[in-house]
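Have a look at the structure below before the remarks.
Which chain is which? They are A, B, C and D, in the order written, and residues in each are numbered from 1.
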Amino acid sequence: MAETVLETHALTMRFGGVTASDNVNFKLKARELRCLIGPNGAGKSTFFKCVTGLLTPTEGHVFMRGQDVTGWQPHQIASLGVGIKTQTPNVMDALSVHENIWLAARRFHAVAEARGRADDIIDRLALGAIARTPLGQLAHGERQRVELGIVAVADPWLVLLDEPAAGMSAQDVDRMTDIIHTLTHSAAVVIVEHDMQFIRSIAETVTVFHQGAVLMEDHVDRVMSDPHVRAVYLGKNA
Amino acid sequence: MSLNRRELLGGAATLTAAGLLPTVTLAADTIQLGSILDTSGIFDAYGKPMDQAMRLAVKEINDAGGLLGKQVEVAAYDTQSDMALYSQYAQQLTRQDQVDVVHGGILSASREAIRQTMRKTKTLYFYNVQYEGGVCDRNIFVTGVTPAQQVEVLVPYAMGKSGPKVHILAADYNYGQITARWIQKFVEDNGGEVVATDFFPLDVSDFGSTITKIQQTAPDLVFAPLVGGAHLSFFRQWAAAGMKDKIPLASTTMGVGNEHKVLTPEEGNGIMVAYNYSQELETPSNVAFKEKWEAEYGDTTAIHELAVSTYQGIMLWAEGVRKAGSVDRDAVIDALETGISIEGPAGKVTIDPQTHHATLDVHIMEFEGQGMTVVETLPQRAPIDTQAVCDLQANPDDNTQYEIEI
Amino acid sequence: MERSATQDVLITLVVSALLIWIMPMLITTYTLTVLIIYGMLGLSLGLIWGFGGILCFGQAAFFGLGAYTYAIAAINIGESTVPMILAVLVPAVFAALLGAMMFYGRLTDVYLGVITLVVTLILFKFVNSTAGPQYVIGNARIGGFNGIPGFQTLNVPGDPNAYIWGVPYYYVCAVALVIVFLLVTWLLRSSFGRIAVGIRENETRMGLMGYDVAARKTVLFAIGAAIAGLAGALFANWGEIVTPNLFSLGQSAEIIIWCIVGGLGTRLGPIVGAAGLAYLKFMLGQQSMIDNTLIIGLILVLFVLFLPRGLVPAISGLFEATFGRARRRPAARRMRRARHG
Amino acid sequence: MDLSFVILVEMLYAVASLVLISAGLAIVFGMMKVINLAHGEFMMMGGYATITAVGLGVNVFVAMLVIAPLVVGLIGLIVERLVIRHLYGRLVDTMLATWGLSLVFIGLATMIFGNTTTGISTPIPGFAVGGYQINGYNFFIIVVSIVLVIAMYAILRGTRAGLIARGTMQRSDMAAALGYSPDRIYMATFFCGSALSGLAGAVLAPLVGLVPTSGGAYIAEAFITVIAGGPSLIAGLVSSATAFGLVNQIFTFAISPVIGEVALLVAAVVLLRAMPQGITGRFFKDKM
């Protein structure tokens, strides 16, 4: 039985009168791939932000490899070896692809080692041709790929991705799927996603959020065929 | 570098080019007078008329045939109310222009910024401004009044017209602190009592709470050596609160930069001051001075005490040069130390050899209709404050600004 | 990073040696000295603003703090070596505390501007109201508005009577600037500098990579303050008087203007901007037709409107366009972002 | 009793004058996200406009309440057309450009009016409260501020222009979506903001000695008040002016005016550290 790398206890986040995340208990094993789905406003992103330290939960706790990280800053969580990609592209537009990835590698490695690892990832992601180009000049798909490279280069054991496939072409999505599969060799991966097509192609276990709480958690096929879930997605009364 | 202003105004390009050229040594057939004043920036209300007075004095000297048969040439720099530029231009005047004398400096800080440079380079220096007193340096001559000269005569007069309880409001810097102490001393000497002393940095312009506070201490007289545009607000707010007719005011600074012309007669009338100069002096020398000024600049309203001090300072220096028969620094100092006098617009001014300060007439005045009406003239008041600490005859090497213990 | 580090150092050394030799023939050394000091002050803001994205409205506070620390320590100690060191340390520590307060509070942008501006105002108001005899540190009266004159000026370390002034002092300042410039160059090439630029570009991302953004910004801020403090101490020695004006908003404004005119995101720009504008101001003081404030103001407006990248990037861009090396320069883009970061 | 009344009036006056000083800046910042660092100089020009008009024989209240806002508003309009409109969306650049403009205005005012302190006397006499004299003009300033706040509220709530303004404040592309040219709206906003700065300068002119550099005294306080107020225009303005005005006056009466000013500044630092988005970033969020 693999160890639990991410766990939340009764995680609750309220904004004023609105409960965006409601008593979420969540568990993730090492090298597991998990998708979080749910309609808009279901609380996926809030949950994601609480886990990554971008928000401090109102109640409840977050554990990573058994350590209580509730209320930690994002950089502290990242320092544990957690790779994070936020919903909107979050890169250094004026810096080159190589510099972006190097900066991520430098956090955990010495200068030369970081350079080697950056070159390596750039090769693996087929970014060699544009390695010296500032990110601001790249297409959306390329930027998303670079951001995955930023996550991957740090050798994380837990990867948290918020809508990695948003706005990408089919070809880009395929490439992304490969990269994510590679990641799961060494890391547990959590993906927050809308795109059912993408989820079907990648996921095994899926957690469905609805109105801030976990609606169900099961294998992707069972989830997809569940009438309750379908009702939620079609906007019918659950 | 000789300063032909029109040439310098050819535009920025010319300006920079002129500055980049190596500086040219001056011809020796003129006498060089350096001037260093804020003619722009926040202190230019003081500096501009001083600059005009300086040019008027030099023109007068030159029109009368110059000094020792030579024309006096002016090298003037605008320090833009920036202390760093004082240091820079002082170096320029003493090392590049190698002037024979420097007149200038307005704030005490500006004087202290350049005084040591003047001393090191053995350039005679005249500081022509009313200030807090205490500078003891053989290389410098001070032609403005010092607090004791004013306060000694003003306190008894003002207390006589009001009563023994005095509240002091002073500008919070060297001048204000020292003046406040002199006021306290003379108030007590005259059997009065200082009920409170408040200091205000120069940028305070809201005196509402202060006026309330004064009413709590209920003095007979408010002594207000406040300085500058922001502090002028006090006099305005004082009148606006209707205090003007309840408690009389006296000041040693109000009007030095012609501030009284900004106040309406209703706000200003009755404020008691004591200065070396007032435009309203009806002496023949002042009438003549105002005529010359009018002929040169068209309008005499800008003349103020500091301008007249500058004029008198230059005339004293010229007198010293004539007497010495040379512009050599030591010769001129020796000549000035003989106790030279001139008859200036403000009356007779004599150099006090012991302190290099000036013995001069002090006029007690009251504001009336935006002018200063002379109530009483006390002739030839010695700089007693500086005299208490400084004796350049006994210690010619002294180089200190003393803070006078009272 | 097109040139290698060795090349960069060599070019810097040769060019600065030439300048140190030639400039005194054009401008008097006394004026040059202050231009160099202002150059260093410009560089201090250029570093934290241009490369760290921290727009500090109160860089003058550290300049003034350095100058006052020097003056007060010099009066008490009577020798200049320790005061020089203190003049670097005190502003750096002060900036570290202030920076930690701001950056751990996640203040950015305008809010950062307000806090730095307010702190400068507080210092200015405090120092300005210390004219009374009760404000004494050791033997040194703080002196309020009139400032502190008459302190021990720079001497050969260990020998308080061997003053360094005049032309030798010019060389001291020039060499100090070259050293600081090289240190800044080294810093920017180091991981710390590259990470700082990363933070300027995207704080959130750098945080998500695991970098402690607040700590790094604090350190960079303190380094900038240390350089400004050194400039302040050199200035105190040059002017032989320190006054509260050093803390004034006007002084802070000038530093920002230097950076804009010279060019942000470059090492040379703020130095060139500082020296050039200070010299212009010095020249303008010799005429009295046009109000000088007006000219400085116009320059700032025109630069923001027509040359927002500043002189140095514009000239080097022109140079490259002329001589055919028309490569896309990321520096230019980088610069623009820094201003809005 | 008399004393506490006098102190109360002084406190109200302090709050009122902060509201007055900051209103123009707040409108321009709230609507356009432009920090106008020439705000203090706009006030200074309002003061000079008043003094000049009074010198020409205009009634002082007409000069303060009508002429000065119009003159300064027009100057603002020219500035907006020539400079600001090229810089929309570039917060730091607009700050720098307006900073430059402030220097230009100081220079121009110096060349036109000279650096000598000028001023007009207060048009309202002082009166006695028990044993204390009190500045009658304080009440005028309090009244003007109250009227100003009410007018701003009424316009934002009750008029079409106010509706557009509120929309623009929340989303800058809102106006365009509603079919109004943002260019026009910005122009109008800057005119109003400048006019209010002019009004503030004019109304405060009789209390102070005016020099071309007078504006510098106001800009820092206005800047702090507006930023500390946070995103809501009126609630932010009133709440931060109240907080700072009270802190200032309490320390002024207890110790001295300098300590009062320093206390205000320290309060600003503490406040922004505690509430990085300003007062209304945390409280009164949905107010205007």
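The definition used in the following text is that contacts are C-beta pairs under 8 Å (C-beta built on N, C-alpha and C of every residue); 3 or more make two chains touch, one makes a residue touch a chain.
Fair warning: this is a prediction, and the values are worked out from it, not measured in the lab.
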item: Centroid comparison with subunit D (C-alpha atoms), farthest chain; value: A
item: Pair sharing more residue contacts (C-beta pairs) when A-C is set against C-D; value: C-D
item: Distance from the mean Cα position of subunit C to that of subunit A, given in whole angstrom; value: 42
item: Distance between chain centroids, defined by C-alpha means - subunit C, subunit D (Å); value: 32
item: Subunit B and subunit D, separation of their C-alpha mean positions in angstrom; value: 37
item: Between subunit A and subunit D, centroid-to-centroid distance (C-alpha), Å; value: 48
item: Residues of subunit B engaged with two or more neighbouring chains; value: 40-41, 172, 199, 201, 203
item: Touching two or more other chains - residues of subunit A; value: none
item: Multi-partner residues of subunit D (at least 2 other chains); value: 110, 258, 261
item: Which chain pairs touch, all of them; value: A-C, B-C, B-D, C-D
item: Subunit B partner contacts - residues on subunit D that touch it in the complex; value: 3, 6-7, 10, 13-14, 110, 114-122, 124-128, 131-138, 206-211, 213-214, 217, 249, 252-253, 256-258, 260-261
item: Interface residues, subunit C side, partner subunit B - complex; value: 25-28, 30-31, 34, 125, 128-129, 131-133, 143-147, 149-150, 235, 238-241, 243, 245, 279-289, 291-293
item: Residues of subunit A touching subunit C in the complex; value: 52, 73-76, 78-79, 84-86, 90-96, 99-100, 102-104, 106-108, 111, 134, 136, 150, 154
item: Residues on subunit D engaged by subunit C in the complex (per definition of touch); value: 35, 83, 86-87, 90-93, 95-97, 99-108, 110-111, 216, 220, 223-224, 227-228, 258, 261-262, 265-266, 268-269, 272-273, 276
item: Complex contact set, residues of subunit C against subunit D; value: 55, 101-102, 105-107, 109-111, 113-115, 117-119, 121-122, 125-126, 129, 249, 253, 256-257, 260, 290-305, 308, 339-340
